[in-house]
Amino acid sequence: MDYVIIRKINKQPKLKNPILIEGLPGIGNVGKLAVEHLIDNIKASKFMELYCKDFPPQVFINSDGTTELVKNEFYYWKAKKKNQRDIIFLTGDYQGLSSQGQYELVEKILDIIEENNVKEIYTLGGYGLGHEIKNPKVLCATTDKKLVKIMKNFGAVFKKNEPGGGIVGASGLLLGLGKLRDMQGICLMGETPGYLVDPKSAKAVLKILMKITNITINLSALEEKAKEIQQIAQQLKEIESASIEKTEDLKYIG
Amino acid sequence: MDYVIIRKINKQPKLKNPILIEGLPGIGNVGKLAVEHLIDNIKASKFMELYCKDFPPQVFINSDGTTELVKNEFYYWKAKKKNQRDIIFLTGDYQGLSSQGQYELVEKILDIIEENNVKEIYTLGGYGLGHEIKNPKVLCATTDKKLVKIMKNFGAVFKKNEPGGGIVGASGLLLGLGKLRDMQGICLMGETPGYLVDPKSAKAVLKILMKITNITINLSALEEKAKEIQQIAQQLKEIESASIEKTEDLKYIG
Amino acid sequence: MDYVIIRKINKQPKLKNPILIEGLPGIGNVGKLAVEHLIDNIKASKFMELYCKDFPPQVFINSDGTTELVKNEFYYWKAKKKNQRDIIFLTGDYQGLSSQGQYELVEKILDIIEENNVKEIYTLGGYGLGHEIKNPKVLCATTDKKLVKIMKNFGAVFKKNEPGGGIVGASGLLLGLGKLRDMQGICLMGETPGYLVDPKSAKAVLKILMKITNITINLSALEEKAKEIQQIAQQLKEIESASIEKTEDLKYIG
Amino acid sequence: MDYVIIRKINKQPKLKNPILIEGLPGIGNVGKLAVEHLIDNIKASKFMELYCKDFPPQVFINSDGTTELVKNEFYYWKAKKKNQRDIIFLTGDYQGLSSQGQYELVEKILDIIEENNVKEIYTLGGYGLGHEIKNPKVLCATTDKKLVKIMKNFGAVFKKNEPGGGIVGASGLLLGLGKLRDMQGICLMGETPGYLVDPKSAKAVLKILMKITNITINLSALEEKAKEIQQIAQQLKEIESASIEKTEDLKYIG
């Protein structure tokens, strides 16, 4: 099979100079939470699903008893005002499980957004501090020096040598591999303890993103969304333990 | 080499609108036990073997001293009555060992059954509870909403959010990837402690499957079959430990 | 790069109906020891080397200070008497490290010997008992029932359900995948404690192999050969620990 | 995506009979430290970057807030005197993470230097002793016997059976796979405790390399360079722990 199976969901209108906003699972699920809240609030439309052999071999079960293959999802949103831009959103259940899978998958994602004329990428994530924080700041890194100043004006923070070891995963790779295709990239990382799904950190990220995109949304329902994701996370944790056992069974019991 | 080597065993008659019933090794070996018992009882005929590089590099030894490369197997059965349907069975020694291998292998299996005009997939497995259970229920999940009601009528149970983390392995992937090919899928999971080969759980699954397929078989010999599989499982456990040591030897002793 | 790099060493005469005798590193290094002793004694000629990306990324250092990429090696020997047959030998530093690599590599090996018209494969290995043994027997398994009787006549032993979990690694796969190409296969496993290089077990295997091949060699120098291999094994064990540390360094120290 | 993405940085002059000098991360970072110090001192010019899917999915963050995809780098230097030769340098952030990746990557590197007519490879590394050492010697191994004598004259040391298990990683593979392309190879290994970035060992290696290349550089700033690399190594160690947690989060928190 191909590394990725693409399934188009709806006919998708031609987008004008769109930006990509990515929020996949990660530390504190900050990126996923922020993007899913944004998608819900501005009623973005799903137009594509990605299935990938570097995801776990797993289906989820919906509340109505139907199954759902684990996936990544693309949504689009058309600008409503003159100072806004068309947006493509990327979210999903998993990032690639292996290093090589991350590279493969991000290249496929870049292929897709390149076809949609995306020249600017925003990736959202959490910056794990390992301790509680009252007013999380939003750290930033960009592909180009001139973007640093612009992002500072929006309230993003640049700390020398932080995150010390860089950005690991799709949020980093989209910037790194995207730059090789002449795409500009900005990563916004909300400070977070990192242990639980963190709506406070997602709120901090969204506040800056609202300034960047000239979109205003209601942030009050963010806690609800966080609870929902936390519940799924909890179940995944359980199935994870179960599936580890299962894997061992698979090996041991013929 | 190709990911999968296909070996046709016997000439296979044209099947009419067949269903697939899958039972590969897994929790409590419920699926494998149920399918192998069914194959034996209705005298289904093997027509194909699959060898896969995501299986362990291993041959088993038959009781007559001959070797047997580890594999998956396809059987067929022609309907005897008007209210029955032709069936293809899938069972085997192993599931793919890696996530990616699971995807590759399931796609190949779907290729094969698609060529045989399968539009409906039943996957059997165990739902591990981690504790003893007197009367195991049979949980169910389906690809389509309308199948939920039908399966309830056959006695399958739908519990909201269970299994919480979905279905991992071939039983889940066959449904998830099959749906992308417009195949309907039903997964039947017998409740089981999950530690040993579980004939009680397999019996519960088979009772529902008999209603679905309008096939009546004798379930009394199921315990015999379970002992046989348990014995192999025990040996596999031993070789597993041995082969882990061997692998280490392979690395250490040149 | 291709999975395997083949390097032809010497011009190789056309072989007449040759058999393959394989002895790669494994439990007690029984197979490797037996084959290398045999190669030395009958002065077989190397004609091919295989390099494989499923081997460790490693060169050995010869006693003269030159480097040697880790490899597998093919030797040939032309029959001297009427009751003997031409032989191809396979030995080497490593087996493939991964399951998938084992399949890939064995398929390549089968390609090579198929070109040389091999129809019969003998694989040698150790059967680890985990305890000392005074007079090691030689267990056997074959691809075909008729070979069982023949091998019994040569003194090989068939024990029902032993080895319980079959044969793992190249010695098993060569039989399993070779059979799919209509090659006959025999695996001879010398009983061994399994911890150290075991010349006693190799001697038992060679005694039977001498009867099969009608070749008589001096077995007295086997202990010398064992010491040599044990020394390398010891060094590999040390580098293994070192390289594990190194790998961690590679990850940690940029 | 291809295994490796090549990005040419500057127009590169035709090099005359150049040698390759490689120093990638490894034990004590001896090779990387030596090569980077040399590049800085003789002002070699970068002409190519390699990105590889066997590197971690990671961007580093420069002090100005911009991102940098992890990579390997090629530099060139044109000879200034008659007794010098043109040089290509290879250094970088990582070696391939997997065995197979190491083979793939080294083959690509050999493709690149072959196009640049390189016939002679010098690989630099550390030889980990596990204890402090006052005057580190420089061990050597070569692809050809005649090079052994030459290297001895430059002060390199050959100890029988050391390193006992050979050379693991790019420094070894470049010699092993390079030889299959008729390239000569020399590996220089500075003795080092192996725990920290080791400027003393790098200095010992560079002293011999200066004799070989007829290049004289100032070694006094080596400690500065070592501190810099140690700092990055420290940060990588931290991110490594963080990213391990992150990976677990990725799996557990959907």
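Assorted remarks:
Lettered A, B, C and D in written order, each chain numbered from 1.
The criterion applied here is as follows: contacts are C-beta pairs under 8 Å (C-beta built on N, C-alpha and C of every residue); 3 or more make two chains touch, one makes a residue touch a chain.
Just so you know, these numbers come straight off a predicted model, no measurement behind them.
The minimum number of touch steps linking chain B to chain D comes to 2.
Interface residue usage between chain A and chain B, two copies of one sequence, is largely distinct: under half of the residue numbers at the contact are used by both copies.
Inter-chain centre distance (chain A to chain D, centres taken as mean C-alpha positions): 35 Å.
In chain B, the residues that reach two or more other chains under the touch definition are 97, 235-236, 240. Those residues of chain A that touch chain B in the shared complex are 1, 5, 7, 51, 53-61, 63-70, 97, 101, 235-236, 238-240, 242-243, 245-246, 249-254. Residues 25-29, 93-97, 99-100, 102-104, 106-107, 128, 140-145, 148, 158, 160-170, 172-173, 175-177, 179-180, 185, 187, 194, 197, 229, 232-233, 236-237, 240 of chain C are the ones that touch chain B when the two sit in their complex.
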